[in-house]
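You will see chain A twice below: alongside chain B first, and alongside chain C after that.
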Partner chain A sequence: MGLEQLLPAIAGMTWQHLVMIGIGLILIYLAIAKNYEPTLLLPMGFGAILVNIPLSSALTQIDPATGEAVEGVLNIFFDAGIATEIFPLLIFIAIGAMIDFAPLFRNPSLLLFGAAAQFGIFITMIFATLLGYDIREAASIGIIGAADGPTSIVVASRFAPNLLGPISVAAYSYMALVPIIQPPVIRLLTSRKERLIRMSSASHNNKKISKKALIAFPIVITVAAGIIAPSSLSLIGFLMFGNLIRECGVLNKLSQSAQNELSSLVTILLGITIASTMTADRFIRTDTLIIIALGLFAFIFDTFGGVIFAKFLNLFRKEGNKINPMIGACGISAFPMSARVIHQMGQKEDPYNYLLMPAISANVGGQIGSVVAGGIILTLVPLLA
Partner chain B sequence: MRNLKIVLFLFTAVLLASGCSSKQKNPAWVINEVMVLNEGSYMDDFGQRNGWIEIYNNTAKTQDLGGRYLTNDRNNPKKYPIPRGDVLTKIPPHQHALFWADDEPFNGTFHVNFKLDPTKENYIALYENDGKTLLDEIVIPAGMLADQTYGYPQDGIKLDEEGKNLATHLERVTPSSNNAILEENPKVVGLQETDSWGGMLTITSMLVVFSALIALYFFFKISGNVANRMSERKVAKSGTLSAARSHSHLSGEVLAAISAAIHEMKEDQHDIESTILTIQHVKRNYSPWNSKLQTLRKLPK
Partner chain C sequence: MTSTIQTTLFIATIGIVGIFIFMSFFYLIILALDKYLPYQEEKPTEEFMEEISESEE
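Then we have the complex of A and B:
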């Protein structure tokens, strides 16, 4: 009896499988040793190993004896959770329950950075189209720049399910790598003098926010979004539903559950289910490398858009009321990672410069902006495709 | 008296409005497409080719055709009673039902007891359950060619804005499906031609994201200000410490410290203290001799 019969998995192993298992191990290493988004990178890393062992029963396989397909559990999860968009939307409820919109009420002008820092999405879309990707695929690649995992998954699963694996891996990896990606771009675009700008946020910090306004906010946004772009309602509606649970004040138990149990449960399933798309035959392709490179491009141009927009606004602002252009970079959705990075950068230049509050406001703006951008892509791209 | 005048005014207004809107509406059921002579077209379940009548549910709700009457005789509105109790006669919104004009009513619900004659004009009508109320009617001109249909170019749109009947010979034969087939969306085609690489889309998207967030900015700004003003007014009326606070915009801690200081000064309750209060950083060297840990007796375990 040969090796093939005894251990068919070893016989079926190719170098591509080994590379994917290596990638899985790197993701696990990054999650544990570097603490980069461990909640997602670890399940994804482990899942990558799980699906790249030949004949893995975690994936649907054809039984050689009967010729029938034996459904794999990860495929079942994928069809039930990702193809139907249920997992990312449940995550949106959890995120909604975690977001505190009060900083934005205190300093609403910073919300605009949430729009400026979506620049990377659209510029990457153009770039991907020029590289020959179909507009649907280009939009799915561009959405990596939303720096928002669930939005990327929703858009990619609708427009380019074949690219879902590399897109979600790129989105989550770059979110984890914000502390490495953003600072050099910011330094390149700003002078030291600009980075030293202090933002007078003391008066904003004490401003009391009415509870009614916080409760009305998710409802008003849902209605407005529904009227303007009904196809974005699944994204925005679920986010705002989570936020309403948080702010209403009578559903504390549900709010806590959404923030903790729901988020944890869905994250576990989401990570490992996305990994089901990370099979060697789908992943080891030049396409994947291009997508990962384009994702980085998107992140860099998000930061670029935010910082340049802040500098542009400063042209019209009086001395003493200027915005620290680094705040612009917080307009991405990676929350609170980006705000923390900018605060630390500010402190490095001037230990008495506290940028955390405005940075958090811009970062919350980024979360809204990314969802709005996702909704717009969902609405506009079908018109072109 | 004044109320009566208002009621009369409103009544006249409603009357006038209803008088002005004399535009004819498309009926709820429309005899949508008719084939008189079927030689090489659609076949029924019995493998026979006969003329057919397509009826369209022109409403947004599911309606039942059961119990209504189909006829080709102006003097006999109840000629073919459509059987009740057949689930297939429940027509979903904007969907069709196809009746075979084969004079074979025992072949099933959708086979009527008359035939259409291509040599003469064919009148077809659909009547309500009472056999008196006309739901829709159509007159098919004589001389219809084989495999040609007569009906409305767009499903359910019988009349144009001026009330003119749009019935005509149709280009395509579409039994049980839409008369107008949307092959392409002109807007999409235009956009694909003018913006093949998505530049306009990018600009539009960025503009939409910006305008959405600008709208949000105003929402935050206005609602925050309004809510603040309302709560300040409410608190100011109460005349409490919070009122003073909302007036001065000082934080609660600062106000508490000021109030405590004023209270102590007024009541002359200030203790004589051996220590000095200072805001300077005081460096204190640690000594185990004054450590409370060393002096306190530990509880027996």
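Then we have the complex of A and C:
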């Protein structure tokens, strides 16, 4: 009896499998040692190892004796949870339950940065098309710039399931790398004088918001979004449903469950299920490197869009009422990391400059903006492509 | 310029304008909610109970 019969997995191992196992180990290392999005990168890393051992029963295999397909558990999870979009939508309920929209009510104009900082999505989409990707693939790659994992998964699973693995890895990795990506771009685009602008309006920051307004907000937004773009409703609706559970005041137990148990359980399943697409034959391609490079491009141009929009608005604002352009960079969805990064940058320039509250307001705007961007892409691409 | 690039440019333009329209609309919704549902100081429970007992009398 040869090695092939005794240990078929070793016999079937190729260098591509070994590279993927190495990538899985790197993701696990980044999650544990560097604390980069550990809730997602660790399951994805472990899953990458799991699916790259030849003949892994976690994936669907053909039984050589009968010639019939034996379904792997990760394929079952994929078909049930990702292809149907159930897992990312459940995550949206959890995220909605975690978001406090009160900072937006205190500084509503900063909501617009949630639009400006989605610029990277569309410029990346154009760039991906120039590189030869079709519109559906380009949209899926561009959505990495939403800096919002579940939105990226929903768009990619609908338009380019073949690219879901690298898109998810890029989206979650760059979200974790916001403290490294944003500061140099912001420094390049702003002067020290601009970074020193103070926005500490105490009356705004302490303004109390009515409970009724916070309860009405998710309902009104859902109805409004549904009327304007019904295709965006699954994304926005689930986010707002989670938020209504949080704000209604009578479902505290459900709100806590959504924020903790639901979020944790679905995240585990989401991470390991995405890994089912990280097989060597699908991942070790030039495409993966291009997608990872384009993801970085998207994040850089998100920051660019937000900062330049703030500078543009400052052209029309009086001295003493100007916006610190760094706040524009918080319009991405990576919450609260981006707000924290900007606050720290502000403190580095001037220890008495407190940008945290406006930064959080813009960052919450970014959470809505990314979902709206996803909804718009889901509406426009099938119509026009 | 190929038709694919033209379509992508069109989607990108509509997309970015669309997000601004959406977010501006949401901005107006926030302003309206803040105006028509303003914060009101809640009465302390004791005061509330006193009012009820007075009305019962």
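Observations on the model:
By our rule, the second predicted complex is superposed on the first by the 385 of 385 C-alpha atoms of A that agree within 3 Å, B and C clash if a C-alpha of one lies under 4 Å from a C-alpha of the other, contacts with A are read in each partner's own complex, and residues count from 1 in each chain.
The working rule: contacts are C-beta pairs under 8 Å (C-beta built on N, C-alpha and C of every residue); 3 or more make two chains touch, one makes a residue touch a chain.
As the structure is a prediction and not an experimental result, all values here were calculated from the model.
Upon superposition of the two complexes on chain A, a steric clash is found between chain B and chain C. Residue contacts after overlaying the shared chain place A:Lys212 against chain B and chain C alike. Touch criterion met: A:Ala138 reaches chain B and chain C at once. In the superposition on chain A, A:Phe122 contacts both chain B and chain C.
In the superposition on chain A, contact of A:Leu262 is made with neither chain B nor chain C. In the superposition on chain A, A:Leu42 makes contact with neither chain B nor chain C. Of the residues of chain A, those at positions 104-105, 108-109, 111-112, 114-116, 118-119, 121-123, 125-126, 129-130, 135, 138, 207-210, 212-213, 216-217, 220-221, 224-225, 228, 365, 368-369, 372-373, 376-377, 380-381, 384 touch chain B in one of the two structures and chain C in the other.
Residues of chain A that touch chain C in their complex: 104-105, 108-109, 111-112, 114-116, 118-119, 121-123, 125-126, 129-130, 134-135, 138-139, 207-210, 212-213, 216-217, 220-221, 224-225, 228-229, 365, 368-369, 372-373, 376-377, 380-381, 384-385. Those residues of chain C that touch chain A in the shared complex are 4-5, 7-16, 18-20, 22-27, 29-31, 33-34, 37-40.
Contact residues on chain A toward chain B in their complex (touch as defined above): 104-106, 108-109, 111-112, 114-116, 118-119, 121-123, 125-126, 129-130, 135, 138, 203, 206-210, 212-213, 216-217, 220-221, 224-225, 228, 365, 368-369, 372-373, 376-377, 380-381, 383-384. Of all residues in chain B, only 185, 187-188, 191-192, 195, 197-199, 201-202, 204-206, 208-210, 212-217, 219-221, 223-224, 227-228, 230-231, 246, 249, 251 touch chain A in the complex they form.
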